[in-house]
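Structures incoming, each one as structure tokens.
The same subunit A turns up in both complexes below, where it pairs with subunit B and then with subunit C.
Then we have the complex of A and B:
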């Protein structure tokens, strides 16, 4: 991949999704960005739906009952997983930005993502069996 | 790399970059508290209206949630701004984006504080 097509630019957006011949850094960047967008969407959705609380008991309890459907639980698992990916990778970014642990940032990223996968799995099992 | 050099590109300043890191670390800390108290300390996990109202009678809860809201909204909007900057917007467009994001942030925090007050008032 030459330098020009590797630069983020709105005009060649299709190449953003070309995962061929990418290194660890590409995955760290892409995962961080995708989870960022997902979590931002969830944040504003979360704030919006909680307005049900101002509508009284029926509205909120009805809403909670609806959220217990498996489809919404699956969505919540995605949110939790995105949170762990973004948060753990974020700790690495904070450390690296301050010049800490830069020599093994790739190994650190992979280790943190293994933790994210394991914790997401535990949460998924607990949330679906709760 | 082709680039018209007629105008300098808008960039993320050091202050905003640093704020993103600080708010990010704060989000991790506050999200942990938000999760533990909402799902373990609160009676039966805040899954009924009555539980929520009861839980929000403790003034520490709306204060903590209000601070968390301001921090997480700041972090998400600074991050969104960074993503938009990566698309190389013009300076004029970026001025509008900054206004819009600022407005969204202020509106979200005021809405959240209103909601926190509404719930706390019912207790």
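Then we have the complex of A and C:
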């Protein structure tokens, strides 16, 4: 017997994101991980931006001016979307873990993601027209 | 004349320390045949060295669980027309997260050990099955004569679980479902899985429930165990006051 083939391993983490042919719950699982990684990456990026403060007001103003480009605004919309998707999905998991709405976990996920999309759209409109 | 399809089986092969590969077999089949029928025909007429597990042919033994086109299926009850089309491909692979013995056959010892460890009973009275009305999947409805809670230990849930893929210490959906079933008769049994690699390791993908061929609904059982454990902890705080 070959013990290595198919053995559970931390190096299999990329399989978390392969939701092809999987059910709604798996997509929710994969989406939660993707948004978590995105938000963590943003946190470090944010700390990097804040570090510009230490280089004086001119460097900071220059950086903020660059951040107001549409491309970066689009990135910020993605951050807001990730926050809503992750947060609302987290509420679903918490409810399920308390025994609430387990029979409707798929419908609950879809409903919460519709909310996340709508709220993200409102934010996007406001951010691009501000 | 009955309809005939020509399909290609892509079969995972693994012998000893040789690297794995896929062998292709073209078969003339009826679309109403089951995936396992094709595998048996490959063994009978094309390659007698093909290793695979099967026994009952009616979804009772749980031996023929495999991945069919990427999804965990009990191949004895999976009709060919549900997974491919005329001229299409059926890719058959062993279950994930279990060591491969050879080709499509995997070693499920760990699953059986864990089921025993949590006190899971393979046969139990219907009133102890624990799943409330409305939570059953499929066409079956709860009634006194249906066996709906019985886990056939096929391992499909362990293969489909994304957490079982990354850690061997996680008990997995089948054992946790077994612990839940045990805890209905003996509430103290829940404490057997009240640890980081037990009921709290699940990340709510519910894929175990999705692939389960026996309506065990491990996802719901894990969540219900959590609810019971949280309730008992909260009640414990008030009892100590």
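Following the convention adopted for this analysis, the second predicted complex is superposed on the first by the 110 of 130 C-alpha atoms of A that agree within 3 Å, B and C clash if a C-alpha of one lies under 4 Å from a C-alpha of the other, contacts with A are read in each partner's own complex, and residues count from 1 in each chain.
The rule is simple: a residue touches a chain if its C-beta (ideal position, glycine included) is under 8 Å from a C-beta of that chain, and two chains touch if they have at least 3 such contacts.
Since this is a predicted model, take the numbers as computed values, not measurements.
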item	value
Which superposed partner A:29 touches (first subunit B, second subunit C, both, neither)	second
Partner chain(s) touched by A:20 [first = subunit B, second = subunit C, both, neither]	second
Partner chain(s) touched by A:57 [first = subunit B, second = subunit C, both, neither]	first
Subunit B versus subunit C as contact partner of A:39, first or second or both or neither	first
Touching partner for A:119 - first (subunit B), second (subunit C), both, neither	neither
Contacts of A:10 with subunit B and subunit C, given as first, second, both or neither	both
Touched partner set for A:97, first subunit B, second subunit C, both or neither	both
Doubly contacted subunit A residues - partners subunit C and subunit B	3, 7-10, 93, 97-98
Parts of subunit A lying in touch with subunit B, wherever the complex brings them together	3-4, 7-10, 33, 36-37, 39-40, 43-44, 47, 50-51, 53-54, 56-57, 60-61, 64, 83, 87, 90-91, 93-94, 97-98
Subunit C partner contacts - residues on subunit A that touch it in the complex	1-3, 5-10, 12-13, 15-16, 20-26, 28-29, 32, 92-93, 96-99, 102-103, 105-106
Subunit A partner contacts - residues on subunit C that touch it in the complex	14, 16-17, 20, 69-71, 94-102, 106-107, 134-135, 160, 162, 164-168, 170, 203-207, 209-210, 219-220, 223-224, 226-227, 230
Residues of subunit B that touch subunit A when the two form their complex	1-2, 17, 21, 24-25, 27-28, 31, 47-50, 52, 69, 72-73, 76, 79-80, 83, 86-88, 108, 111-112, 115, 118-119
